[in-house]
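Remarks on the structure that follows.
Chain naming follows the written order as A, B, C and D, and within any one chain the residues start at number 1.
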Amino acid sequence: MKILITGFDAFGGEKINPASLILDKLGDEIDGHKLEKLFLPTKFVGTADLLEKKIRGARPDIIISLGQAGGRPDITVERVAINIADASIADNDGKMPIDEKIRRDGENAYFSTLPIKAIVENLREEKIPASVSNSAGTFVCNFIMYNDLYLAEKYKNISAGFIHVPYLPAQVLNKRAAASMSLENMVKAVEIIIKTSAEYKGSEDLKKAEGRIC
Amino acid sequence: MKILITGFDAFGGEKINPASLILDKLGDEIDGHKLEKLFLPTKFVGTADLLEKKIRGARPDIIISLGQAGGRPDITVERVAINIADASIADNDGKMPIDEKIRRDGENAYFSTLPIKAIVENLREEKIPASVSNSAGTFVCNFIMYNDLYLAEKYKNISAGFIHVPYLPAQVLNKRAAASMSLENMVKAVEIIIKTSAEYKGSEDLKKAEGRIC
Amino acid sequence: MKILITGFDAFGGEKINPASLILDKLGDEIDGHKLEKLFLPTKFVGTADLLEKKIRGARPDIIISLGQAGGRPDITVERVAINIADASIADNDGKMPIDEKIRRDGENAYFSTLPIKAIVENLREEKIPASVSNSAGTFVCNFIMYNDLYLAEKYKNISAGFIHVPYLPAQVLNKRAAASMSLENMVKAVEIIIKTSAEYKGSEDLKKAEGRIC
Amino acid sequence: MKILITGFDAFGGEKINPASLILDKLGDEIDGHKLEKLFLPTKFVGTADLLEKKIRGARPDIIISLGQAGGRPDITVERVAINIADASIADNDGKMPIDEKIRRDGENAYFSTLPIKAIVENLREEKIPASVSNSAGTFVCNFIMYNDLYLAEKYKNISAGFIHVPYLPAQVLNKRAAASMSLENMVKAVEIIIKTSAEYKGSEDLKKAEGRIC
């Protein structure tokens, strides 16, 4: 299977973004699945086009997008993306869209088509803190997750979803009481997420895996 | 105008729910607008029918539903309801639906049609802490918000939305470091929310009010 | 009995300090006990002298000092003051002492001589969230608590202690997810604290009241 | 130099305690300094005697005690221990002392004699989140820190102090939104703490290292 994995660059005053550092650490293949990496700037304008161009070129079976959710202590597997862009800080173009629709012809929301609860279960099995999140916010992370799922529908037979990771330890040294996670654990987490997503791809069992997890 | 306001009873081990206590304190009329109150049990089964029956009987112009979000420190005005019921605790019937659609024929999500940012602005103007929230969860609160908006569309010309309120001080006495808000401030908040919703009802200016607020 | 109650002015970028607003709201007498109020600037230099002068003039039986602990959600009754001044922000004189002893001839720490657990119990009885705190920090609040207790020992037969109060709602309007408490509840709390402190003054039962409360 | 390092066993319903797991991972020597390890049960009764016996036998130059502070996101270097035992949960003997003095003939409090701010600086230098804490609580951790410093004074020329570490990732898998730190980073942190403590032992520069850190 071919897996497209995307990650953002640093934003909001940070010097690094764990999402792109994870991409750097991942190899080109995991468990026999080929990885395509797409580094994205944290911008509203242009990133959906970069994404679509990559999808057309690489024809992935699965898209997994990564972003930083500063302050959250665990890996959060996003459940849903909503059709709105509403920024409270500037993106890396200085843009702050307010209550704008992401896609005129899109659904109000798209649910992740990754096996979100099987992923959480498998991460916990490997002692990595994880949970399902019901909001990817309304900034660029939600924007890309929404576009992942909109385009997955357009190009057919693609599973897609979004994963938020905490700050790295190096990012919280001067923040008061902020949680963090080591890069090692993040990379390990993403490998598990890739394997689990590949395993459940096209499975009728998807529902079975979606048990009581919060 | 006629405003339907709903509130839940206590759940999850609590003895009270601020939502229904607020309903008790509200009069029958605010600023010339007639209030219809609907007390709802915190249950998945039956409450959507109670809601629809009330809507058919009362024919409200606006529906505002109230619920408790224990742990949040401020009034949170919900932006969106999603088409999923996924409980991590039992409702008051002992039911715990897992990843069930709320409405087979409903949208993936509905956005609040209340002026959510004007509400936050007006609350802050009156020194009541408030913010926009991007998730009403996946328990009974999201379930009723979803049904509010589904039914508002079905019965036409109804604005609808959901407001989460914090714990009352009496609920946090034996909880470690949990935030709360006085009932007086909650009642005052809901009165402001009713007035603001009535003021913006049918307004072309709805967008104008939706400025940069997070 | 005569009770000296102190409160600070605004600091750290805030425009108000609930501590001095509480003092404004308190009457001159509570339950037959005479109240002496002392408004203190949030400064290291000079405030201990203002305090001592007031003690010599008013000869109080009890000293209760109030301060703001922004972010805490409940009334916190401080257990102990430590002999160190170590500021991470400037006081209202622009002073930032680093690891300085407060009193060369003082103890390493003084324990509050107010009935701290009876106070917490009585506050909860009246539905006001409260708990015992084991640290008043190392800024001006700890500095005044330390001086209260140092001077209480010097001038004999004085009970003394410190109470931290949360932000007021008006202070958190533009803070993300910060807890607050209404001024009404704070004033009610301080009245209960005064009554409880007077009731236990000189009591052999002090220990009895100090049950299992955290 | 000889360094005594102590760590507790699991308590409060946990199955592991990172403190003793760190001890397991440390070698017998760090930077030429000999390590003596003391595993302590999380109990009030008997542990001070175990500690004193070990001190008499090993004659350490430095004592560093480790404990778990569940919920804190970073390494916290304790500043002060207070002369009180006040438990809100049972220790591993089922004991819950309430407002008891730890030592009849001890000071109200003892300040850490480790270079607490140089430690924080050196940890951050190595990208490990750390801060100074002003309270080690009133449970067994504070009890051992107090005894460390009481005995350090009794046996002369010993520096002593206490370090709290966060939960391990494995401990928070079923806790809602709780921070954690990897064992690797904890072990690395303790090695830095040992080296820094040895470096500053007996130094006149102790003060110099105690800069503006919070």
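Note that in this section contacts are C-beta pairs under 8 Å (C-beta built on N, C-alpha and C of every residue); 3 or more make two chains touch, one makes a residue touch a chain.
Everything numeric in this text was worked out from a predicted model, so none of it was measured.
Looking at subunit A and subunit B, not one chain touches each of them.
For the self-contact between subunit C and subunit D, the two sides draw on mostly identical residue numbers; the shared fraction is above half. Centroid distances from subunit A, each centroid being the mean of CA atoms, peak for C. Subunit B maps onto subunit C through a rotation of 180 degrees [Cα fit, steps of 5, range 0 to 180].
Inter-chain centre distance (subunit B to subunit C, centres taken as mean C-alpha positions): 39 Å.
For this pair, subunit A with subunit C, the centres built from the Cα atoms lie 47 Å apart.
Distance between subunit C and subunit D, defined via averaged C-alpha coordinates, is recorded as 30 Å. Annotation for subunit C: no residues touch two or more other chains. Chain-to-chain contact here is organised cyclically: the chains close a single ring, every chain touching exactly two others. Chain pairs that touch, as defined above: A-B, A-D, B-C, C-D. On the subunit D side of its complex with subunit A, the touching residues are 72-74, 124, 127-129, 131, 169-170, 172-174, 176-182, 184-185.
Listed in rising order, the residues of subunit B touching subunit A in the complex are 79-80, 82, 84, 86, 88, 96, 98-99, 107-111, 117, 134-135, 137-138, 207, 210-212, 214.
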